[in-house]
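The first chain written gets the first letter, and so on, giving A, B and C; residue counts start at 1 in each chain.
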Amino acid sequence: MKTDNNRAWFLILPVLLCVAFSAILPLMTVVNYSVQDILSPTQSVFVGTEWFKTVLRDADLHGALARQLVFSLAVLVVQIPLGILIALCMPAAGWRASLALVLIALPLLIPWNVVGTIWQIFGRGDIGLMGYGLNALGMQYNYNGNAMDAWMTVLVMDIWHWTPLVALLCYAGLRAIPDAYYQAARIDGASRFAVFRFIELPKMRNVLMIAVLLRFMDSFMIYTEPFVLTGGGPGNATTFLSQYLTQKAVGQFDLGPASAFSLIYFLIILLFCFVLYTWMQRVGTGDAT
Amino acid sequence: MMDKRIGTVLLIAFLLLSLLPIYWMVNMSFKTNEEITGTLSLWPQQLTFANYRTIFTDPSWYSGYLNSMLYVAMNMVFSVAVALPAAYAFSRYNFLGDKHLFFWLLTNRMTPPAVFLLPFFQLYSTVGLMDTHLAVALAHMVFNVPLAVWILEGFMSGIPREIDETAYIDGYGFPRFFVKIFLPMIKSGIGVTAFFCFMFSWVELLLARTLTSVNAKPIAATMTRTVSAAGMDWGVLAAAGVLTIVPGALVIWFVRHYIAKGFAMGRV
Amino acid sequence: MARIDLIDLGHAYRPHPAAPGDYALKPMTKTWDDGGAYALLGPSGCGKTTLLNIISGLVKPSHGRVLFDGQDVTQLPTESRNIAQVFQFPVIYDTMTVYDNLAFPLRNRGWKERETRVRVQQVAAMLELSGDLKHRASGLSVDAKQKISLGRGLVRPSVAAVLFDEPLTVIDPHLKWLLRRKLKEIHHELKLTLIYVTHDQVEALTFADQVVVMTEGEVVQTGSAQALFEAPAHTFVGYFIGNPGMNLLPCTVRDGAAWVGGHALALSGAAQAALDHARGTITLGVRPEFVECVPSPGAAGDTVPATVLSVRNMGTHLLAEFRLGDQRVAAKLRAMAAGAGSTVHLRFPQQRTLYYINDQRVA
């Protein structure tokens, strides 16, 4: 049970200084630009919500948003259970645990542009192991030409890249469960599944929450890896929201609409995360600690 | 136990699949660009160390490595140090605005770092911290600190409050309790937080590249120079990728006992 | 209800223990009577939790056998052993109600709902949890949660022994007393064998009929609270039990007397016989409660001179510390005339003075 103590603010202060300060400035800048039409570095006109309306009416945006939502949903649906499963399979102690930790973590350590680059070659039918292998199995696999293949490749690449994050979080969460719970479960005659359902899963609530929010956010903002791999193609089949924003900002828009888009982007993520957060808080326990 | 064997089989299967692209990257790093783009070969037909040589002999590559490691290490230490008290406060106390503040912290991660680019550029130029390791370490705290606070708070909340109180009854002062009793109980949380702070800072390209020019230029930035006049320098890129894995593997090796249980020696 | 026998039971974590130090639990043979309430008392690291876990089956001993009512259960897994264990902190299933928590062990063993309900309500009544059955277990106070942990152990009728591993550690002091009383009630009613591990001597001495004192992996004495107090068989027992513990003074035997701190003390006939030809370190033990302080010296060998170091008023008695030669002696006295620095004479009543050779009692 938490105690009331307003002096706890002193403990929070360092965090606030580091983060708040550096976050408010950009936010103010973005909000500022989003309501102005910047004709030149010295001339700008206040346009109110016009940019927001323009951006929201953009049909291409709707397409990118829809693709993004499907992608993020697929990411969550696959990576969370898979991560939990791997964490359950990893050894708890000894040299085997150390080895497993290092091997699992490797994909996370590669810079994201290199990830895209490797998969570019990896997926090619002529010079890449995966492409060649899939074609040899009889599939007509071509991630450059076929939209579905491109989607699957981007998805598999993301799963390869980021499931270890979920796995590591869940693994750490599992290790934090005291032995006594497992011992008590043995005495109670609980089955392996009961141990998972009544001990492990509830005790992983906190890490799972972080994993879900993190994966949602990061997948919703994904840019480098799919951009390097497919360039958003074929056509705009794998053009997700971040890439769309960049295309527009660099290509057509100026600072005004781009800022408005950024704000909307941010608010969408915020909304989804808030919903996920609130929902996950309620699920599982109803106690008031 | 039947169950353990299935688990091991599944794990090995996943690891094998997971290591395939890594193997491919290592493979590429020992090939020439011609071989990479020309043929499919499971191991280099013409083994070459030229890619690695390029990296090791080019002074900017080498210093890029050191620069990255320096600011990443700084960031790790700062982020965890600052996050620990905050996480404890969120976990143990109710105070004005605590729930909102907690969620708001995470919102800093809900925008692409690109949004911070210009303001940070202006800010660090103004205070004269441009092109320093400190600047990048601080800038990266924007997304690492919220993550650290959230993860640590989660682990801290898993420790019942009664343990705190029992320690006070036993006569422990707060600092001693925190360091000797509390922190060891959330070891796995600290280990995983440290590793994630390392990882996210290590691979972050945009801010690191923007805030530095010469003195503190990181490895990731120099790698984007691999597109030369002759086209993409695949081999060098792959070699650089291999080399970027090494420090990370070392970090997780060092925190492995924090994340996993040590040998179960059994208490009495 | 079961009698538990430990035959030559030892445990070492290394595969080939060579020296006694390699054993977490030195080989021992011991019987725990059916229906007895035992306390397993000792400092941290003495092996008591290891012993408990071996009895419950969570740890397989490297050496020796465990018998329940004559049946060898050493290789049996925990779930087949009909024991219950309560841990240092409450172990409950957070997502379940109190009722479901208590019903869990029965449901896992295939019990029908109707019989489960009867049994759960019985146990809940015994533990005064009936009102909370529908509540989520995670929302209750710590002591209630410990009761639930205990309840899950008691809910199986076949439970033979209940093992406690310092269960009151996280309970508020004023609630500890209530829970201890509840445990005694349950013991009385159900007549289970109870083994209670603790490092707190007050807890051990008030809870148990028999206290088993352990140190460094071995059992040094088993007895009632009184026996442990008056006749500790090992210097460790003397030191550990009592507040402050027994005065343990190194001594030598010469010319038929015990020499402590440079002064001679007469030995009783029995003590003399036991200490004759003594090999090893001789220690004299006398409890502060029995040390007498007299103003003038008695006959030779009756008293020893000592200097007063300090006298503290503890409310119910005075705690005095003396220097005897190069040794310190503590005494609990009703009254004390002399102040610090003065010389007094201490008498150690012969029937209360115990002698140990290499820490084992001989007289």
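Everything below uses one rule, namely that a residue touches a chain if its C-beta (ideal position, glycine included) is under 8 Å from a C-beta of that chain, and two chains touch if they have at least 3 such contacts.
Keep in mind the model is a prediction, meaning the values are calculated, not measured.
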item: Maximum inter-chain contact count - chain pair; value: A-B
item: Chain closest to the assembly centre - both centres taken as Cα means; value: B
item: Centre-of-Cα separation between chain C and chain B, whole angstrom; value: 49
item: Separation of chain A from chain C, taking each centre as the mean of its C-alpha atoms, in whole Å; value: 55
item: Chain centre separation in whole Å, for chain B relative to chain A (CA means); value: 16
item: Two or more partner chains touched - positions in chain C; value: 89
item: In chain A, residues with contacts to at least two other chains; value: 203
item: Contact footprint of chain C on chain B as seen in their complex; value: 160, 162-163, 165-166, 169, 265-268
item: For the chain C and chain B complex, residues of the former touching the latter; value: 13, 24, 44-50, 53, 59, 89, 142, 169-170, 173
item: Chain A contact footprint on chain C (complex, rising order); value: 56, 58, 77-79, 83-85, 87-89, 91, 93-96, 104-105, 108-109, 136, 138-139, 149, 152-153
item: Chain B to chain A touching residues, read off their complex; value: 3, 7-8, 10-11, 14-15, 17-22, 24-25, 28, 36-40, 42, 78, 82-83, 85-86, 88-96, 98, 101, 103, 105-112, 115-116, 118-120, 123, 138-139, 141-142, 145-147, 149-151, 153-155, 157-158, 161, 185-186, 188-189, 191-192, 195-196, 199, 202-203, 205, 220, 223-224, 232, 234, 237-238, 240-241, 244-245, 247-249, 252-253, 256, 259-264
item: Interface residues, chain A side, partner chain C - complex; value: 178, 180-181, 183-184, 186-191, 194, 198-199, 202-203, 284-289
